[in-house]
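Pasting the structures in now, so scroll down.
In the two assemblies presented below, subunit A is common to both, partnered first by subunit B and then by subunit C.
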Partner chain A sequence: MTKEEKREFIKGILFTSPWLIGFSIFVIYPVVASFCYSFCYYSVIQPPRFIGLLNYKDLLTDPIFWKSLWNTFYFVIFMIPLGFVASLSLAMLLNTKVRGMAFYRMIFFVPSLVPMVAGSILWMWIFNGEYGLLNNFLIKMGIPNPPNWLMDVNFAKPAIIIMSLWGLGQTIVIYLAGLQDVPVALIEAADLDGANWFDKLWNITIPMISPVIYFNVIMAIIGGFQIFSQAYIMTGGGPQRSTTFYALYLYQTAFEDLRMGYASAMAWILFVVILILTMLVQRISKESVYYHGG
Partner chain B sequence: MPQGKGIKFITYLALTACSVVFALPFAWVMVTSLKPVEQTMTMPPTWIPKTYYIESAGKKLEVKKGIVTHEAGAILTVKEGPREGERLFVPNSQLKDGKALLQVQIADKVVQGYYPVDIEKEVQPGWIQVIEKLPAQYEKTEPYWTFVPPEKIIEKVKFWLRNYLDVFVKIPFLNYAKNTLIVCILGVIGTTFTSALVAYGFARIRWKGRDFIFMLTLSSMMIPFAVLMVPLYGVFKAFGWIGTLQPLWFPYVFGTAFNIFLLKQFFMTIPRDLTDAARVDGCNEFEIFWRIILPLSKPALTVVALFHFLYAWNDFMGPLIFLTNKDTYTLSLGLQVFQSQHGGTEWHLLMAASAMVILPILVMFFFAQKTFIQGVALTGLKE
Partner chain C sequence: MKKLVVFLFATFLAFQSAGCADKEQNSDTVKVTYWEKWSGFEADAMQAVIDLFNSRKFRNKDGKMIRVEMSTVSEIDRRLLTAVAGGNPPDVAGVWTWIVTTYAEKGALLPIDDHLREAAITEDRYIPVFWEICRYKGKMWGLPSTPASVALHWNKRLFREAGLDPNTPPLSIQEFDEMAEKLTLIKLPGQDKAISFYELKTRTNYKNLLGQGMIIQMGFLPSEPGWWPWSWGYWFGGKLWDGKEKVTADGPGNVKAYEWIRSYSEKYGVENIKRFSSSFGAFASPQNAFLSSKVAMVREGVWMYNFIDKYATGMDWAAAPFPSDGGKLKDVTYAEADILVIPRGARHPGEAFKFISFVNTQEAMELLCEGQRKFTPLKNVSEDFYARHKNPYIRVFRALAESPNAFITPKMVIWQEYLRELNFAYEMTRDLKAEPKKILSDVNKTMQKRLERELEMSKRSGEKR
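Our next item is the complex of A and B:
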C-alpha cells in the first residue's frame, strides 16, 4: 500500500468501525455460535455439551418439526401467489388517475403500520366464531354455518393468510412505484397497435416491473418463513398444532423447553431452506427479469 | 382513456369497495373501544355504542340488558326454606298457589321442592331483564335488576370514553409507554447517526476491502433472526441485560445493515464537487461528513429515523425474548400479556389499549406521509 492508500484505509476503517464492532458482536459471533450450538446439548443453565449430529438426527424423527415445516410451506405457498395477485391488482387500481387518490393510498398502506400485537388482537375478534364480524357477514350472505376460524384445524391457517393479506400495504406501495416507472410511450404504442388490456399487462407491464416482482417475491419468502407473532398471539400454535409455524416451534423449543442446541439446529435448517429458495428464485429470474436501461 | 366514464366509474367502485374492506377493522377497533363490555359480545354485532336507561322512581337509571323472557312469570322473593331471602325470576309453569318450584341443596343432594314466595311483579313474555350499572368500586355489591317491557327502555348513543381511562387502571400503560419510548428514541438516535457515519465510510472513501465488507453487510440481511436469537440471548445474559431494556436498543447503536445500505445509496448521489471544494478549504473527512453531507441528507435521515421508530414501536419478538421483568415491558408485550389474561372478557379495554398503541403511529404517518411512501419506494426499488 502506498502512503495515500494507507491513509484512506485507516479513514475507511475508522468511519465504519462502529458497524464492524457491532457486526462482530451481534451478527458474526451469533452466527458462529449458533452453528456450534447446533451440534450441542445446551440448556442455558449448563454450558453446551458436544453431541455431534444428534440434534439433526432427532429433528428427522420429530413429528412436530415436520408439521411446523409443512405449516410454514402451506403459508408461503398460498401467501405468495395470493399476495402477488392482490397487491399487484390493488397497486394497478391505485395507479389510475382519479380524484382523492392520496386518501385511497393511505387506507391501503396504513394497516401495514399497525403493530402486530394490536393487529392480531383485532383479527381474533373479527374471526371470533360466535360474535365475530366476519361470520356475521357470512351468515348475512347466506352461508349458514361459517367455520369457527381460529378454533378449526382446517381454517386456522387460511385465517392467518387472510389477516396477512390485510397487511400488504408496503408491497402495494413498492408495486405502485414500479408501475409508475413503466414508460407511457410503450403503452401508447401498444394502444395504437390495438392491443387489449390483457396483452398490455402481460407483454408490457409485467416484464417492465419484473425486477420489482422479483424483489417482492424474495422478501415474501424471507418474511413468510419467519412468520411468528400472529400465530403466537392468536392461536398459540393450535388447534392441534395446525398453526405451529416453524419460527413458533423454534421459539418454543428454545425459550420454553430451553433446548437451545436443538433450536439452533432448527434455525440452521431454516437458513438453508431460505437460501435454497432464494437461489432458486434468482435462477428463474435470470431468464425472466428484464432490467430496462441496464 | 377512450372508454372514459364507464372505466372511471368502475375504478371508483373497486377502490371504494376495497378501501372499505381495508378500513373496516380499524373502524371496528374504534367502535369496540367505545362500548361498554356487554355490548362487545352481541350477535349481530352493533356499530353504534349505546347506553340504556329505565325510569325508576322518577329517576333515570343506567342499565345493561340481560335475558329476554319467552314465557310469563314473576319476580319474587323466597319466604322460607334454604333459599330464604333470594330474589328470583320464576316462569309461571313453576308457580303454584303462592309457591315456586325451586332447586335446593339439602346435605350433598340437589332436590326440587315447592317453597312459599312473595310475588313482587308479574312479567309478560318478551320483557327484557335490565340490570343496574354500578361504578367499578361497587363491583362486589349486588346490582338492582328487574324486568321491563321493551318500550320502557330508553336508548341513547353514548361513547364509552371511560374505557380509555380504565386501561390506565388495569394495566401500567404509562410505564409500558415510557419503556417503549426509551427503546424507540435511543435506538433512533443511535442507529441514525451511526448508520450515516458508516454509510459515509462505504460511499465516499475508497479503501481496500471496502467492497467485500459492504457485500458482507448486505448479505447479513438474509440471516433469519432465528439463527441469531439463541446466541444473542447468551450474549445479553453474559452482560447481565436479560430483563432490561438494553438488548432492545443497544445493538442498533452500532448501525443497522439496512439503514447503512439506504444511506450509502443516498450519499452516492451527492456530487463530489461539493465535498472536493470543502477539502481544498482544509476540511477534514469528519468535518465534510458533519457539515456538508449530513445537512444535505435530511430526507434520507428522516426516512431512516422513521423506519427505526416504527420498527422499535412494533417489535414484539425482541421484547418477548429479552424482557422477563414486568416493569420493563414495552407496549406490544404488555398488550399481549393483557390480552392473554383478559382475552374474551374485556374486549372493550383490549380495543381501547390497542387503539392507543396504533394511534401514535397513525399520527406520525399523517404528518410524514410523503416521507413514508418515498422511503418504502426508495428501499424497495434500489436493490
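Our next item is the complex of A and C:
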C-alpha cells in the first residue's frame, strides 16, 4: 500500500467510523454475547453461569419448542407461495395501463403503512366469530356456520396467514419495479411469434424478474420465521398453542421467564434454520435466476 | 483550531460535572423516584398520598428533605428488569405480586427487614395474607400498597327474571350450577321467547335443540373474565404445589375443578359457548360480559365496582363469597396486592423506605385505598373509611381477605411458565380435547422437571453469589 493509499484508507475508516462503532456495539457485540449466553444460565440480573450444552439439550425435549417450530414452518410453508402468487398477481394487475392506476397502487400499498398493533386490532374485529366482518360476509355468501377464526385451533393459523397477506404492499411494489424492467421488445417479439399470455408469463416475465423473485423469497423466509406481533397481540399464542410461533416462544422465555440463556440458544437455532434455508434457496437460484449481462 | 475545539469541549465537560456535583452536594432535598404501574384514577390516588408525604416535609438522617416524584410506567416488570440490569432503577417501584418472588430470587430487590425492625413495623399490623405476599425465603421484600380479593358478583335483575331470590347467593358449587342453568337462556329457531337451559334439558331431544338454538345469556362461564383459570382448584380443596419442591397440579382438588370446567363445555357445547363469547367486548367497556348483562354471575375482584360504576351505572348487583365444592370450604378467595419494593441499585434506599412506611400508615393507606376503592391491608381501619367508601360490599372483600382460606399466587420462581402450562391445560379441558386427569398429569410432569432444573440452577447461582 502506497502512502497515498494508506492516507485514503484511514480517511475512509474515519468517515465510516460512526457506522462501524454503531455496528460493533449494537450488532456484533449482541450477536457474540448471545452466542456465549446460549451456553449459560442467565437471568439478566445475575451474572451468567456457564452450563455447557444444557440449554440445547433441554430444548430437544421441550414440547413447546417443537410445537413453536412446527407452527412457524406451517406459517412459512403456506405464506411464501400464497404471498408470491398474491403479490405477483396484484403487481401484474397494477402494471397494466388503466386510468387512475396511481390510485389503485396507493390502495394496495397503504395497508403496509399501518402499524402492526393497529392492524392486528383491526383484524381481531374482522375475525370476530360473532359480529366480525369476515363471518358476516361468509354468511351472506351462503356459508351458514363460518369458523370462529381466532378461537379455533384449526383456523387460528390460517387467520394469521390471511392477515399477513394484507400487508404485502412493499413486496408488490418490488415486483412492480421488476415488471416494469422487463424489456418491451421481448414481449413484442413473443407477440409476433403468436405466444399467448401464459407463454409470455412463463418464458419471458418470470425469468426476467427472477432476481426480484429470489430477493422476495429470501426476505419472506427471514420475515416468516420471525413472525411475532400478530400472534402476540391477537391470540397470545393460543388457542391451545396453535399460534405459539417460534419468536413468540423465544420472547416469552426471555422476557417473561427470564431465561435469557435458553432464549439465546433458541435464537441461534433459528439463525441456523434460516441460514440453511437461505443457502438452499441460493443453490436453487444458481440454476433458475437470470441476471441481465450476468 | 483543533486545540481550540478540544479546549472548548473539555471546558464544557468540566462545567457539566462540576454543576452536577454541586447540585448533589448542596441541595437540601433528596429526590426519591417512584415508578407506578397504574394510570388513571388509581395513579391519581397514589399521587394524593405522595402529595401528602411531600407536604409533611420528612427529613432523612442527614437532615435533608425527602421529596417523592412519581412516574407512571407501563409493563413495569420488563422495564424494572432492564433498569435494574442497567444499574439505573427507581428508588421505589409499585409492582405485581408475582414479581416479588421472581425478582427477589434473582437478586433484583433489596430486603427490607432491617428497615422494618428500625421502624418497628411488624406482622401483626397486617391482614396475614398480605404480609405473607411480601415474604420470600424468610425475608421481607416490600410492603403492600393496595390489596384485593375476589368474590362472586351477581346481577340481581337477571336473578329476579329467572325466578331466583336476588338476595340469596349460592352456598355450594352444585347450587351455583343449578342457578347458572336457570340463568342461561337459549333462543330456539322460530320462537320469539327464549327458554332457560334448566327448562330445555327436560325435553327429550334437548341436545339437538341446543345445537340449533343460540345462547343469548349465560348464568356463568368459567372463562369469564379468564384471568385466573389456574386458580379454580382452590375452591375444590386443591393446591398447585407443596410450597417446596413438589408440583401438585394433578392433585384431586385440581382434577375435580377441571372436571367442573369441562362440565360447562359438555353441558352447553364448546362451539355454542365460543360463538356466544365472541360477542363480548373489552373488559373495561360497556360490552363487558357482566356489565352488558350477558353473563349473570362472575368471579371478580374488588375493583369490579369501579367498572360497574363507570360502564353500567344503575346496575342492580351484589357480591358474596364464591361458593366452594359442596360448600365445605368457607370464604375461599384469591388475595392479591400491589407491592412497594426497593430495587437493587436504588440510590436512596433509606429514603425510599421512609416513603413506603408512610404509605403503610393508617392515614395514608386509607386515603390510597379509598381513592382506588379497595379495602386496606392493615388490621386497624377507621369507621370513617367504611362510611366514606363507595363500594357497598367493601366489607365482604375485606372479610374474604381475612379468611384462612384466602390463597395467594404460588411463590414459585417458575410461576410464569407454570401459569402458561395451566392456561394451556385449561384450554384443552374447555375444548374437550382430553381428560382433565391426563392433561394435569402432563402439566405436573413438565413443571416438576422445570422446577427441579430451576432449583438446581438457583442453588448453583446462590453458591456463586
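Please note the rule applied: the second predicted complex is superposed on the first by the 293 of 294 C-alpha atoms of A that agree within 3 Å, B and C clash if a C-alpha of one lies under 4 Å from a C-alpha of the other, contacts with A are read in each partner's own complex, and residues count from 1 in each chain.
The definition used in the following text is that contacts are C-beta pairs under 8 Å (C-beta built on N, C-alpha and C of every residue); 3 or more make two chains touch, one makes a residue touch a chain.
None of the values given here were measured: they were computed from a predicted structure.
Looking at the shared chain after the overlay, A:130 reaches both subunit B and subunit C. For subunit A, the partner that touches more of its residues is B, with subunit B and subunit C as the two candidates. With both structures placed on the common chain, the touch criterion links A:12 to subunit B but leaves subunit C unconnected. When both complexes are overlaid on chain A, the residue A:190 reaches neither subunit B nor subunit C. Look at A:138: by the touch rule set out above, it reaches neither subunit B nor subunit C. Of the two partner chains, both subunit B and subunit C are touched by A:44.
Of the two partner chains, neither subunit B nor subunit C is touched by A:179. In the superposition on chain A, A:255 contacts both subunit B and subunit C.
Where the contact sets of subunit A with subunit B and with subunit C meet, they give residues 44, 130-132, 255. By the touch criterion stated above, subunit B contacts subunit A in their complex at residues 8, 11-12, 14-15, 18-19, 22-26, 28-29, 32, 40-45, 194-195, 197-198, 200-202, 205-210, 213, 216-217, 220, 222-235, 237, 251, 253-255, 260, 285, 289, 310, 313-314, 316-317, 320-321, 331-333, 335-336, 339, 343, 347, 350-351, 354, 357-358, 361-362, 365, 369, 372-373, 376-377, 380-381, 383.
Contact residues on subunit A toward subunit C in their complex (touch as defined above): 41, 43-47, 49, 51, 58, 63, 128-132, 148, 151-153, 238-241, 252, 255-258. Across the complex, subunit A meets subunit B through its residues 1, 5, 8-9, 11-16, 18-23, 25-27, 29-31, 33-34, 37, 44, 90, 93-94, 96, 98, 102, 104-111, 113-118, 121-126, 130-133, 136, 140, 166, 170, 173-174, 176-178, 211-212, 215-216, 222, 225-226, 228-229, 232-233, 247, 250-251, 254-255, 260, 263-264, 266-268, 270-271, 274-275, 278. Of all the residues in subunit C, the ones that touch subunit A in their complex are 78, 81-82, 84-85, 102-103, 106-108, 271, 274-279, 344, 414, 416-417, 420, 423-424, 427-428, 431, 433, 446, 453, 457, 460-461, 464-465.
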